[in-house]
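Each of the two complexes below includes chain A, the first together with chain B, the second together with chain C.
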Partner chain A sequence: MSARRERLAFVLLVLPLVVFLLFMVMVPFVIAVLSSVGLTQVAPGLPDGFTLRGYRDFFDPEKPNLQALWFTIKITFLSTVLATVLGYGLVLFVKFRRIGLGQTLSLLVKLPLFTPYLVTAFMWWALLFPRGYIGIFVQKVLIEYFRLAEEAPALISDPYGIGIVACSVWMRFPVVFLIMQSLMEMVNPSYEEAARNLGARTPTIIRRVYFPLTIYGLLSSVTLNFLALFIAFSIPFILGASWPQFLSVFIYVNAKDKGDWLMGYTTSVIYIAISLVISYVYTRSLARRTAHV
Partner chain B sequence: MAEKKGLLDRIMEGDGIGRRGFLAGAGAAALGGLSPVAREAHAAKLNDDLTTGPQSPAPYPSWFPSWEDIEKAAKKEGRVGVTAWGSPSAQTHFNRVCQEFTRKTGITAQYTHGDWFAAQQKILGEVKAKKMAGDIDCIFLWGQPFANLLEGGGVWEVPFLDVLPNARKIPYRAELGRFVHDMVPTYGAYVPHVNWQDCFVYNKKKYKRSDMPETVDGALDWAKKHPGEFTYCDPNKGGSGHTWIMQLIYSLTGGYEKYAFKPFKIEETKNWTVLWTYLNDLKKYMYKPGTFPQGNKQVSQLFCAGEITFTVNWNSIMSEEINAGACDPAILGMYVPKPSICSPSDGFTIPFNAPYKAAALVFLNYLTSIEVQKQVAETMGSYPVVTEAWDALSDKDKNAPYQPERNLRQWRDLGTIYARHGKYMFHMMTEWIDRVARKA
Partner chain C sequence: MFRRRHSRAVTALVLGALAVYVLAPVFVVLEYAFAEKWFPSHWWFPQELGWKWFREMFTVGNIMVTIGLSYWIAFWVTMSTLVICVLAGYAMGSRAFRQQSGAATRFMEAFVNIPLAFPAIALGIGLLPVFAQLGLLKSVAGIVLAHMVTAVPYALRSIVGAFLLVPPELEEAARNLGAGRFYTLRRVHLPLVWPGIVGGAVFAFTWSLNEFVLTLLLGYPTVETIPVRIYHYIGGYYLSPNSAAALSLFLLLPTLVFMYLTEKALKAGGVVSVGG
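On to the complex of A and B.
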């Protein structure tokens, strides 16, 4: 086959992918960017010409946008940390207790992965509602029995995002669990045996053997979870408060309720930009690691 | 009749019914093959100056085909696309109505239960794209999206309310949707269907009616005496919240007369500090201060679970709780405080590019029949827009605990019924987050 034919075959092979990426990813992104500076008329109420008003307003500390961004980052970070601790902790527990996960247990752990976000959000709403199981537990045990506070805190529609965090952690810990469990299985057991022969205890083995060998898997799951929760909509929409709002809900409110499409598009672009930066940093760190290995 | 038939014949030959420039050139868009005549609209632009601007409450338009001809054309079209939104009971109602309409007329009513925003955006997008054949024939709307569609050229601006025989029974009262909806003039291009009533809801096992506030702004004093027992829903997430606050605006900032049927003026909102102060004071005494239930349903669930004893909600939402067995009817007390709480009448319009307009007219006429209007009360727990339908209800439905006024005829004749001002309400909703929710 001539080089020209080979090149043609290659082009034909990748063409569907390029067309897909172009129309499904690039075009909407470009429209969002152009709309955020008033250069399209795809939605009613967008300005007639070029403007940076959306960006000026977004970064105006007097306006609520930065507060929404900060709340989103804070809640996402907290949820990611807790999901990671829970997922990783569970893997370590299973490993060191030598618990064989049967089909049922394995399915239970994976269940959140197969549950739609919206369904999960409503499920957690029912649990955290003052007359839900968790709501009753908090009231009866923590407040009335242990007297930890005078009044039970609001667990849903609350300004601290308690409901969002609880639901997000449940949704995302299986990702950490699955990634870390498979990585742990790949670690040569002779490392652990050697460490034990030298007198190391379990915490030391975790810290000095497993943790360094699985750190990049952990970083992957953290990044995956952070990005997934950062852009989540259903959970904060159902469980969130009137204020502060998650950025995704904030876009919805701006566009749908207020008809402020300029702010909706501006916030979307900033949202995408932040996600891209996080992905880029993660990819770069992985690439550097690969180069070192 | 002969003259009307002649007109219809002419229409069928190629003249027709036209509104606005784009419709005049729409060919077969209006009434299927019955379109369009180059007549100018009575309401070619949105006019919210209702008291001094020219109004034309027209009788059956002489230039319009006769009702018999419309029915024939509808049979010929054979189908109608209906889009609505709402709670599960609303979905049940519209599904049932569409099925019965299909069975009775042989015209297939295809029902889509969606969200008003998506439907509105779709039609506005089609206006922009000059798409003259859409797929929605009847769309259920509240005030703001109706205003958006009207202003955006998405409404078939024909006074079809004057055409529907059954619609003559809709009360001739400004607040009940015949002329305006949320104070947006409808020019007859809107058919009210359901009259929601926002009410004060209280636990009557715990409190007597005389313990509850008499006036709409009495909630603050009551909440101060009973901290943690009152709440209202986020006005951006549920209509019961923003409808009550709209009534508070009337009560606290200058009276109904200041706003009713007048154009929106931002200067009129300058004294709203009294409203924000009221709501921020109230916030301190509410259930779990700083939190607002995210919707009508959440409010009713808190009430039924005994978490709160006093709130604001729709009769329809409370009826869902009662009918689902989620709320003890013995605790449910409902009333309309003085001077009132607005009772909007949501309804249907026909998009400019509806492909089956004749069938849409016949469907809307069916929706306004006594039979369907009775179902509004029976299935959705709301008031029918046709008062006669209320008379035909069983005593059980009339005396249901979620109905605050049981003599609807008297209430509609003599009661204080207020309408919401869509634009002021929308302004309040956008301000509320900054002025109330964000305040520490």
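On to the complex of A and C.
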């Protein structure tokens, strides 16, 4: 077959995929961009003609919109850090205690990854709401017994995002564990042996041998988790407060409940732009990880 | 001696804490699903266990329609995703094509991953006017298309990975013996890449079954799937954690079983394992 026919066959085979993605991803993206500057009339209440009012309103410090962005970044950052500490800590524990990653432990760690998002949110809702185990534990032990506060803090629908963080950490720590565990296994054991022969103790070996060799893996798992949590909807929707809102919930409320489509589309474009930057960082860190190991 | 016993105790303690941490949320859902009587004064465990919430679920309302519709949509998402991804996966993963169209393949690989970086809600409100214009809003066909947006990149990754692992000599030998491209695909590639296709299909199916935001935005109230109904049990005006828990098991159990079986099947001896 000639090179030309080969290329034609390639195009024909990928054509359904390209058409699908153009229709389902690029068209809505273009509509969101154009609508955010008033260049379409696809939804009621959009301005008639070009305007940057949506962006001015979003970045206006007098208005509460920026709060949603900071809240999203703050909660995502905190959840990512905690998931990383838990996942990486567990990897180190398993590694240095020489615990084999048997089927039981492997399935146990993977369980949160396989659990549907909405069910995960519901599970944590059932644990944290005032009649849930953790809710009652906080009320009975910390408030009634130790009298640490006058009344129990709300653990769901709270302005600090406690429920969102608790649920997100549970859902995402396995990602760090699985990525870092496979990378740790790839590190040549003779490095550790040599370090031990020279008198290094476990913390030094972690700091001087394993950490530098797996840093790009850690970076890529952190970025992956950050992105996944940043664009999440189900968890903040179920466990979040009415204010401050997660950016995804903010878009939903603006567009569907308030009918403020201009703010809905503007926030969507900003949201997509930030997400694309994070995924670019992820791709770079992944490339470095591949080159490094 | 003491040191070793102490070390074992620490290991048991940490792994025990991990088990409690991971399993506690699942346990609570099971408790709610099977609790017939659970008074707050006996908050540590239900007083009576039984099937009340499941019976109620099947007799009251149209839950069976919701469950049936969820699985029906997931079936069509899987089928449609496979059609698109097997064709594209063959083009992007087969060595012969990669040699000819390397740059195009790399571009496609990057292009396909774009939906994964897009927040579903942002995509959803962009799709709203498109679907409204085409009559796809609040329709099963529209929801199938919407669910495919995220199912396609993951399924494709799995299928391309499987095609990449097919030894190029096999394809070359078949072509040298006069086999056409379609015959080579059918008789050489497909028998070898089926684990990757199964992996992609399982992902597409479970993804669709669990998808929430796009269904809520583009399908509700005409198209109501299990996640949307669960949301109404815990986020609506009438709170019913027991009903939500019972219904959650229709999502949780199939997902866990599918994932477990797929992983086991792929490890057990597929020539080609799932990529990505």
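Basically, the second predicted complex is superposed on the first by the 247 of 293 C-alpha atoms of A that agree within 3 Å, B and C clash if a C-alpha of one lies under 4 Å from a C-alpha of the other, contacts with A are read in each partner's own complex, and residues count from 1 in each chain.
Going forward, contacts are C-beta pairs under 8 Å (C-beta built on N, C-alpha and C of every residue); 3 or more make two chains touch, one makes a residue touch a chain.
Since the model is a prediction, treat every value here as computed from it, not as a measurement.
Student: Can you tell me whether chain B or chain C touches more residues on chain A?
Tutor: Partner with more touched residues of chain A: C.
Student: Contact-wise, after the overlay, does A:P44 reach chain B, chain C, both or neither (first, second, both, neither)?
Tutor: First partner only, chain B.
Student: Touch test for A:D257: chain B only (first), chain C only (second), both, or neither?
Tutor: first
Student: For A:S157 in the superposed arrangement: first (chain B), second (chain C), both or neither?
Tutor: first
Student: So in the superposed three-chain picture, is A:R131 touching just chain B, just chain C, both, or none of them (first/second/both/neither)?
Tutor: both
Student: Touching A:E6 in the superposition: chain B (first), chain C (second), both, neither?
Tutor: second
Student: Tell me which partner A:V14 touches in the superposition: chain B (first), chain C (second), both or neither.
Tutor: Second partner only, chain C.
Student: So in the superposed three-chain picture, is A:A241 touching just chain B, just chain C, both, or none of them (first/second/both/neither)?
Tutor: Only chain B; A:A241 stays clear of chain C.
Student: Does the superposition put A:D57 against chain B (first), chain C (second), both, or neither?
Tutor: After superposing on A, A:D57 lies clear of both chain B and chain C.
Student: Go through chain A and flag every residue that touches chain B in one model and chain C in the other.
Tutor: 129, 131, 238, 256
Student: In the complex of these two chains, what residues of chain A are touching chain B?
Tutor: 44, 64, 67, 129-131, 153-154, 156-159, 238, 240-244, 253, 256-259
Student: Which of the residues in chain A end up touching chain C in this complex?
Tutor: Against chain C, chain A makes touches at 1, 3, 6-7, 9-10, 13-14, 16-18, 20-21, 23-25, 27-29, 31-32, 40, 42-43, 90, 93, 97, 99, 105, 107-112, 114-120, 122-127, 129, 131-133, 136, 170, 227, 230-231, 233-234, 237-238, 247-248, 251-252, 255-256, 261, 264-265, 268-269, 271-272, 275-276, 278-279.
Student: Which bits of chain B are touching chain A when the two form their complex?
Tutor: Contacts found on chain B: 117, 124, 148, 152, 234, 236-237, 288, 290-294, 298, 301-302, 305, 307, 429-430, 433-434, 437-438.
Student: In the complex formed with chain A, which residues of chain C make contact?
Tutor: It is residues 7, 11, 14-15, 18-19, 21-26, 28-29, 32, 40, 43, 83-85, 87-88, 90-92, 96-97, 100-101, 104, 108, 111-123, 125-130, 145-146, 148-149, 152, 156, 181, 206, 209-210, 212-213, 217, 227, 230-231, 234-235, 241, 244-245, 248, 251-252, 255-256, 259-260 of chain C that touch chain A.
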